[in-house]
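The structures come next, written out as structure tokens.
Okay, so chain A shows up in both of these, paired with chain B first and chain C after.
Up next, the complex of A and B:
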């Protein structure tokens, strides 16, 4: 063994100055970004969103309201498992590796180190969230026929990410065992996914859940946020709630460790109190919500009256005998609509009482007890209509079902108003057998229609019973009349409509 | 071997089992399985719509499977493998016992209430999810074994959702979405469970630096 060579004294270590604090924290954040579990879970997050959310969202009609509101309902839940698990894993790192005492002696307070790790986890999680939003919005922008992105649903989803990471991180930091990551993830998933089960009506506090994109029992409906602006009231409350939860939990995390020093713990306590107060206020605000006639939740304290104005638009119209005009967001359905009711339009065009054009109008929603909601045509009349609740592309809805619903509602309305005349509603209780036969023969081209299904709440009132007895003379007349082409029906009606309305034509005289 | 040694054998075997259980945190795992069952019991008293009633049990089944899979991790690593002649049997026994216990407590928790799918659903889902967890334990290590059951949970929940909103996911690999008596789903779950058990018995959980 030799004596150690004397070493020339080097420069003494310099105490950190205030000016180098930010670069030091930035370097810490960069290190945490490079060694973060969320980075490895990004592909998992992307795959889960693709499997659970993206495919279904992109199968929806290319309407901004449908896709953005469905995105809010699905994205955060899809990301809950990877995001919360990664945060819990990172939060439990020091305890799991038994290095808590080792790093306690470093220059940075424990809270600052924890916040850097949390921020890095949140940053990667936000990357996943924003990438998912971008994928949906870019594709929708290329397909939508009208409108622009609805940003509030995206903001709510993005604001929910820090809350999830804060919950996971704090649980991992407080209970750094091998079981904490799966358990806190399960609890977060259960809380978020099943938290709205107890919701009831438009005054429910549970609608503060960031997955709630609108009124319960409406959700993402085609008629919501098309004729009127998307109301951000509930979204603002939800962002306030998730931000408050984030600050509250991070503040409590700072208070809970004696290693942070009294000044830092006081600051953390103030942040925690402010965050929890904001979250509580947001819940209270959500409880004051009410369903507005246009299907959105209004929170009086957050409501801007200017957003009650209808959206200006130029309708998209069909080139049919009677033009059918719809909101341009629904232009994609125009071919299906004209195919469904085209024969009726040809049959009644130019007849007395037939409209010169028919226009889609906004639905009016009414809250019923519990979660029941009814929708009605905002401007009832012979020249207006509302589309069926379910449009092709929505889960469980098919093009055939859409066409059938249109025939049962719009088709029946058109035929009824022409055959029964201006007082269609008044005489609907007792139309003649011939009138019923013509209506039954015209609602569904090529077949005899016996009446609206019990489930079709939007079907116009006619008799409340099946139109025709199956073996009656009127039914046989209806079968004869239904076999005629639309032009022949039109020609006959042009000659005999007045007599038919007056009840002077028996079923036997129908061609 | 003396008569005394023969008499001492049972206590030493029991001690080995006890030490193995302690090293895998089995007592904590048993307590957590009981907590999951209690949570399911409490949740079943709540008012649930169709989605909730269908999806609720799967959440607790996935929680149980994740807990079981996490216990597969060994704190000793190579020294234990080099000296533990009975280790594969201990691993197999502990995993089978925990899985059976999970099925038992979850089924017991549903007595007197309406559990969607019933006992067969619990058996199939817990076995399949545990198999996924054990395969993850072999691949990623015990501390990360929860990844498989939790990720599969989301796929299963979505599969149940599509039962109400077509197109239905009819693949037997998404067995939670299949009816309890469906043979294809049960076979898939059984295959995954068997693969997980064989893998964890033969190879054990991967040693993880992050443990």
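Up next, the complex of A and C:
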């Protein structure tokens, strides 16, 4: 130690630099960034997301809507533990490290000091969040056949991070013990998880949870935000909510310390009030939501009618006897679709009543009480169809199941429409045994119900599927007809379709 | 006077830690002596504006710290080393001192030079890049002193500053105190009377929350010529005054 009047020595790490004037708060933030617990937890955050979210998201079909909405559903929950823990740890730092007296005697307001620490924690947490989003979006951009990134789900996740850090930081600052970090982390994790499970119906206040992407019982579905634009109504409310929570908590943090001075506390009180008001308004807005026919939540006060317009696209079509055209986002499934219904297409191509081409249309949803949502499908038959709810890659959905579902729906629909002609959609239509035999022979086993006794033949349709009595002449005829190649079936139908529709052909006459 | 204290009192529940203290101090090194539990640390914490007094009047650097604006102004010109120095183990010496320079609202452009100067003054230039967790207790104490003087305070409050310092460092530290005392009011709370004798121009002795003696070290020494016990003259004065106060 020296008593002499010192001159600034040269080789210290923080040497004065001419022409560089970094503001005090920026210097403080830089120091906090260097010494932040969240920096050390970045690998943990990345590993958690990779293990829980990334692998599942990337296993989904490469569709922007599916992956972006699933990302919103997973990312924040995966990051909750490291982010809240780091924030609580940093918030309790002064108390744990016994520097409270030391910093209490300094001029900079306590709130400013706390905000610098919180901001650094949040900045690193946002780095983790944005890196996870980037990883998913970059990979999806390489794989997706159509469309571009959905930004609102990413924005909601990113806006949720400051709320998590604010909750953790405030808990740490108010209760600076060692146990507050695990405690607040557990509470935040289960609170966030519970919030998504509590939603009930399209008017639920709980859908304000930033993990909720879309209507509760639909969520990330392939057809949502494909034919129509992604509606940001709920996302806007969620961002408003998380931002409000962030400002509210930080404001209360400023108000709670008398060390901040009256002017700063008044400012903090205004910020807290504005934040809490915004959060409350967002919850109220979420409660006014209603299910859009296209599977998204509309909040009237936030809704822009211009976003109701369908998305323009050029369909992707197959080179089959009857072209199958799908939304380009589904182009990846076209080979599987044509493989599944190819025989039916060959069989009916060119026949009277057969469509020149069939096109995928959007599913139409309707809210029922509580969480029930029904798909009205809205398929008029003939030339339009909807794809099964689950496409290969979604949890529990396999390619075989997808193909089977297509045969059960699209394949059956195509054959029925052609064989039964104009009466296909009539409830009163009672198909003849020969018509049932041809239909049963043209679709995969299981698409047609085989009744155990001849008595079932009196009820020729059940649950929309034709019913064929086992061991009946019609069943034997169906077996014979099914053994024919599609071209032979087509040739026979071309000659006998009119008679078949008119009910003049008994099962025994089937080849 | 940089420090003007009148009837200053501080209670912690039923415990009266500081009981109606009167004190004035101008530029120079002011020693605050007293046994454990005498109220020195509490008095220093009030002077550091860390805790408010329960009663009495306190003026620091000509301002009333009871109001937020003046208190903030005082804090810009204040240096404080608490008895138990908390620190962030992951910070380097430079970063820790810079952190406090920024908290004391030292103009940003002056921070690097101020930090470098403070670190050199406590002779830690060679350890500037070392993490605090790697330093010895004595070095940490010097880091604490560096953060206290980084803003070139007009009022410097040091609570047991020489605890953990080796004899050579204590000698250097006393020289530093004398130098600082030429421009600022330095209040040093200690129970090491030799520090007071070597560095202080004025001394007060506290016992049971009250100031029982205030004068120069020579005057305190004179009190012990007849009744005091101890190895050094100042120690004898110290014990004599305490005995008289308790009798």
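As a working rule, the second predicted complex is superposed on the first by the 462 of 511 C-alpha atoms of A that agree within 3 Å, B and C clash if a C-alpha of one lies under 4 Å from a C-alpha of the other, contacts with A are read in each partner's own complex, and residues count from 1 in each chain.
Here is the rule we use: a residue touches a chain if its C-beta (ideal position, glycine included) is under 8 Å from a C-beta of that chain, and two chains touch if they have at least 3 such contacts.
None of these values were measured; they are calculated from a predicted model.
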{"item": "Partner with the higher number of touched chain A residues, chain C or chain B", "value": "C"}
{"item": "Partner chain in contact with A:34 - chain B first, chain C second, else both or neither", "value": "second"}
{"item": "Chain B versus chain C as contact partner of A:97, first or second or both or neither", "value": "both"}
{"item": "Chain B versus chain C as contact partner of A:356, first or second or both or neither", "value": "neither"}
{"item": "Touched partner set for A:306, first chain B, second chain C, both or neither", "value": "neither"}
{"item": "Common interface residues of chain A - those touching chain B in one complex and chain C in the other", "value": "93, 97"}
{"item": "Residue ranges of chain A in contact with chain B within the complex", "value": "44, 48, 51-52, 78, 81-82, 85, 93, 96-97, 177-179, 181-183, 185-186, 189-190, 193-194, 197-198, 395-396"}
{"item": "Chain A to chain C touching residues, read off their complex", "value": "1-9, 12-17, 21-24, 26-28, 31, 34-35, 93-94, 97-109, 113, 261-263"}
{"item": "Residue ranges of chain B in contact with chain A within the complex", "value": "25, 28-29, 32, 43, 46-49, 52, 55-56, 59-60, 62-63, 66-67, 70, 73, 142-143, 146-147, 149-151, 153-155, 157-158, 164-166, 210-211"}
{"item": "Residues of chain C that touch chain A when the two form their complex", "value": "45, 48-50, 68-69, 72-73, 75-76, 78, 80, 82, 84-92, 94-95, 98-100, 102-109, 111-113, 115-117, 119-123, 125, 128-129, 142, 145, 147, 169, 172-173, 175-176, 178-179"}
